[in-house]
Amino acid sequence: MRERFVTGFDPFVLPFLAGMIFVLCYCAFGIVRILAQLPREDRRRFLLSLITPATALKNIRDIFADCLLHVKLWRRNPLLGFMHSSIAFGWFMLIVLGHIEVMVYCPDRIRLFYYPIFFNYFVAAGESTIGGAVLFFLMDFFLLLILVGIGLAIVKRIRSRIFGLRRTTRPSLTDRIGLYSLWAIFPLRLLAESFTAHISGGSFLTIPANWIFRQFLGNDLNMLPTWWAYSIALGVFLFVLPFSRYMHIPAEMMLIPMRNAGLRIRHPRKGFARLEVLSCPECGVCIDACPMSVKKANIKDCTVYLNRQLRRGNERRIEEISDKCLLCGKCEAVCQVGVEGPLLRMEQRASRRYGLSPDFSGIDLSKLQAPAASSQKVLYFSGCMTRLTPAISKSVCSVLSKAGVDYRWIDQDEGLCCGRPLQTAGRYEQARQLMRKNEELILSYGADTLILSCPICYKVFKDEYKLPGVRVVNYMEYFAELIAAGRLQIEKSDICYVYHDPCELGRGCGVYEGPRKLLGKAAGIAEAPANRAESICCGGSLGSLSLDFAQREEITLKSLQNLYDSRADAIATACPLCLNTFARYSDRPVRDMAEILDAAAR
Amino acid sequence: MIDFGFGLARSSAVELDKVDLSLYKELERLEPGIRKCIACGSCSATCTAGPWSGMSVRKLILNLQRGKDVSGMLSACMLCGKCSIVCPRGINTRQLILSLCRIYDNK
Amino acid sequence: MDNKKILIIGGGPAGLEAARQLLRLGWEPVIVEKTEQIGGHLSRWYKLFPDMMPASELLEQLTAGLEGAKVYLKTRVAYMNRLKDGYSIMLSNGTGIQCRAVLIASGFSLFDASKKEEYGYGVYDRVITNADLEAWFAGASDSRIPEHPRRIAFVHCVGSRDLKAGNSQCSKVCCMTAIKQAIEMKERFPDSGIWCFYMDLRLFGKKYEDFYINAQKDYGVHFVRGRVSEVSEAIDGSLVVKAEDTLAGTPVKLNADLLVLMAGMLCNADTATLARMVRSEVDSDGFLRSRDNIYRINESRRPGVFYAGACTGTKTIPETMAEARAAALDIHNYLCGND
Amino acid sequence: MIYQGKQKIWSEYQKGIPSDGWFYVRSCIRQNFFPASEKFFLGICRDTLGHDIYETKHHTTCGGIAYHSDAIPQETAMTIVARQFALMKEAGYKNLVTSCITSFGNYTEILETWREFPELETRIREKLWEATRREFDKPEYVAHASDLVYKFRNEIAERAAHRLVDVHTGRPLRIVEHIGCHYSKMFPHKGIGGAEYPCVLSGMVESWGGEVIDYPERRHCCGFGFRQYMVKANRGYSLSNTHKKFESMEPFRPDAIITNCPGCPYFLDRWQYVIAEQTGKTYGSNGFGIPVFTYEELAGLILGIDPWDLGLQIHQVAVEPLLDKMGVPYNPGTKYLGLNEKDIMRPGLPSALKCF
């Protein structure tokens, strides 16, 4: 190997060089800005984590697995996983191999960072070595890999259904420029390297191509223009990168260490939230996941579009999208980079100014509270919604009585809301006020167990309430314990139920298997195609502020269709809101777990 | 001015053609469903905050239509959403309350 | 086709009365009834407002003139084909019928009150519907009705005028039925207090207002303008009924020993299937669509297909009777070519 | 306003009013408020027009004020009224005419009550006998004095010295008529024209050349309301009611108000001063108020009686603007000279309402 040019320079590298410098500066500036936006303690925490060996190692592993190999995507959709990892990992390897070549053959040029990229232009093949042949083979291999990936990407763009995507994101203008320049980079590189292969050498891809081209071109005149084109494609891609979805490449590499450092969203737009938004690759997986997307008009309200509007700062749309969402959490569950769509929206809601705010400080608890009886150690809190589905509370009480539990139903007559609805509406401060009131009320009973039958309440009791000495437990968990302790006998019926995972209980609290085990004891059980973390919101969620009754119908029907597909006789759920919503449209019986267990309990 | 020990009392009659409906109109623009209210009282009866605070969406809507101040009522709403669920006319009452809280900012 | 057969789908008051009239006009009506007895909801009702005529008496009158009409019980229409000049029908019992005119008198279904979960029908011990109460009046035993109810609450508009229950229409007869039943209950339990919770009282027919006045004046029935929002069960099994008294502007609670839900009228689920068979249309309210709702309520948009009674909308019995006769005459004129 | 519609209603509410044979009972409070009115009722109807109207100094209050102020039960009022009937019987008269609207309402109400509950009448007969050894007959006709003036309105118009016309422009004067509540609101058939559109005063105004104003709050109470005024804590309501009426009639720019009740002219007149003091607002032109008259005063002016003899100087609101419009001559210098030129003293002038 020897260098062809003493200067080691040709003007065609300039587009790439300019693009690269621009991107590096932009990213450096971005990093500093995001770091500056972090609260002081978060910043400290993050910087510390970078030098902690365990987290540093985890960072590297996660970046490698998520950003290059797309392991999560492989699991979800192997074809998509292959497409993404072939491009990302292939490109990464090309860069790495380029550097190795430079280090091996002209180590003094390593400072010029265009050199590894355009290595084949600047060197001529000398004596062939095994090492060179292997390197050249690898270079061609990864280029081929990338080209296959690009081919798949083009197919996906034209027919996304082949990849199992019903709907995909509509790219913006900069996205298109980035996309087309990305598509152009690698075929151009193949051309450029092929034209140069008789000088610089090559492998199984470039040498035959070179031979074919030479058959009818016969000169080297088109060598330099293709290198120019290659460099320009790179330059264009790098220039639009910060303004397109491809920003997710650098952003995600930053997001992973920050998440590993335990940082959370603390501001609706700045710092960690900003990074999450930038990390969205706009892959559109959330579109199919979103229960609202059953209606075409709602597609633009999925998380991917929220992220896009947040980047653009389109306040009107941000507000619309934030208010519409059911907060079912499915987009977050399927997201490859872990964008917290529901939380981002709640933060937008919380950032609004209100002329009027509720004030609960004046609530006189003595009016709500019956005279305290110290004997009862078990409390039952049914929550507001359950008043509209009395079958649930009646069944819970019945089961508790059957098991001989001495309990007290603390909101049988009047009660306070748990605060979760206020929280989802972004009214954090008011929610906290209400929670403190409820805490005071509950602690005054001196009990040690609090049973909840509403997953909306359960979620917030579990996450936000401070109830020292009181175990907060979902009724199903408690019933399971009663059964295990032999205080409750369950008789199995021959009805086959499909269990619908309520959003707040499943994705919200991670409770998936407990209810299924219990249901399995009481009845036959079938699974819907979309279950557990993939369960489809019933459409009745309080998470959505602006969806009105009529707009929710289609969502409910879609969710029900998924349950019907299980071919079960009846539907089981464990949320008053799901029960209420399903019962309205369902063509088969809908029962709460409490009802089923009460019927089965002896 | 002579102090007679008594004075003119303001009429309690609402002059429907003269009341200031700007607040209602603004809310109506945001939540056109408000027009569908038939004052059945389901929302008020089911209201978690109602029994101890006097919160009533029905009264809220009527009072707005009569140009009266409703800010006092709103201060007890816990946004629990039961009123939205029971409304026979499908009015999105919860969003209505939130929107109203926001409009008050501009007044 | 020269046979004199006319298919009547539904053996309720509308179908029976139309059959009776068609017989008199010299036709051969064939009644297809899906249940095991004729009479429809009427056969399960006790007394009819406003004259408090026993439902059985009306049913006797309706069936008296039916000799000569073919009645298939426990039978449905399996399929129906349009011929050049009429219809070819296959019944579920295997009978085939060819006729030139079909009268749909498939009536209504009562709203399933358990769908209004907050009222606890099927969950609480003391919650019944208007139909349950009629059955009890007629002599059936019902353990949900206590021996000495102190207070009885009637809830109007259960499954009517309620988007959430899937029926935004007024069922028209429930206000009057509630008042009728309130009076009947007061006669049986003179010491009990009776409370009607209504959204709007819609008492439009002959003598209806008199009934209302009597209920207030002579029976002391209490009327509260407010829709019941939720019901819970007290420790003794009595019910705590919550509503807002919208006229007084205050939330109210009533401890009742019996809750009667005035379930509304919905179009029969089968009716849509029938409509599809004759390529007739279902209206936005879920009932069948007439040619118009003023002059040709009995006519469908398909030649030879006629309607009578509650399949086109909520109807009182007098209205149904009038429609059945009108439909019979329409069919007669259609078949005789008097247009 | 469809005039024919009102005429149709008037035709349905007519009552028989004989021209003669009347037993006259006076009002308790009018003799203080509008002392000349009753005098000129008798002067005009009996002396000028020559109708038979009799009065006795022995009659008392009818008890109406006490009854409407919840001070006495109806039985007491009935016994008082029974005594008046007895006096009438003793004087040989069969028809009763009252000066006061509340009396008229009270007599009517009592007669109607007796008609419904004859046993009550029997009891009152016994009570009256026990207390006074008198017996009574129920009157054949009960009329209010304004009914009589209404009946004689055309006779008065024939003798008119002035008409309700602006002598400078020839324009009919715009007159607000205000009927006392107890005239026909309780028993519409007992009043001329009924309760909604009584024509007892409007008939006078029309036949005397004026134009009746029909303003939105025409039916509303003058504001007296017995308890509303008499209990000081409620007096604001009384004032507010009057205020409401003036606000409502203001756009019609009335020239005068004619009333047929003892309380109404008093409150419509005096409250104009209080409203002016409290709000600075006056309802007539140039800072004056709207002059308020009893029907007798207006009849007197029409017949050419001297305004000061009619007692118009007692009014709070200056009457001079109206006198000027009607072309009634008056001597400002003698305004505050009473009987036998006795100085009755010029009152202090209010700050907001313009007076002479």
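As written, the chains take the letters A, B, C and D, and residue 1 is the first residue of each chain.
As a working rule, contacts are C-beta pairs under 8 Å (C-beta built on N, C-alpha and C of every residue); 3 or more make two chains touch, one makes a residue touch a chain.
Keep in mind the model is a prediction, meaning the values are calculated, not measured.
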item: If a chain touches chain B and chain D alike, it appears here; value: none
item: Furthest chain, CA centroid comparison against chain D; value: A
item: Averaged-CA centre spacing for the pair chain C and chain B, given as whole angstrom; value: 38
item: Chain C-chain D separation of Cα centroids, rounded to whole Å; value: 63
item: Inter-centroid spacing, chain C versus chain A (mean Cα positions, whole Å); value: 53
item: Junction residues of chain A - those touching two or more other chains; value: 387-388, 549, 580
item: For chain B, residues that touch 2 or more chains besides their own; value: 46, 51, 85-87, 90
item: Two or more partner chains touched - positions in chain C; value: 118, 163-165, 230
item: Touching chain combinations (by label order); value: A-B, A-C, B-C, B-D
item: In the complex with chain B, residue positions of chain A that touch it; value: 323, 352-360, 363-364, 367-368, 384-385, 387-388, 414-417, 419, 421-422, 425, 427, 434, 540, 542, 545-550, 577, 580
item: Residue ranges of chain D in contact with chain B within the complex; value: 232-233, 235-237, 239-240, 243-244, 274-275, 277-279
item: Residue numbers on chain B that touch chain A, as the complex places them; value: 33, 46, 48-49, 51-52, 71, 74-82, 84-87, 90-92, 94-95, 98, 100-107
item: Chain B residues within the chain D interface of the complex; value: 1-2, 4-11
item: Chain B-touching residues of chain C, taken from the complex the two chains share; value: 118, 157, 161-165, 168, 199-200, 225-230, 242-246, 249, 251-252
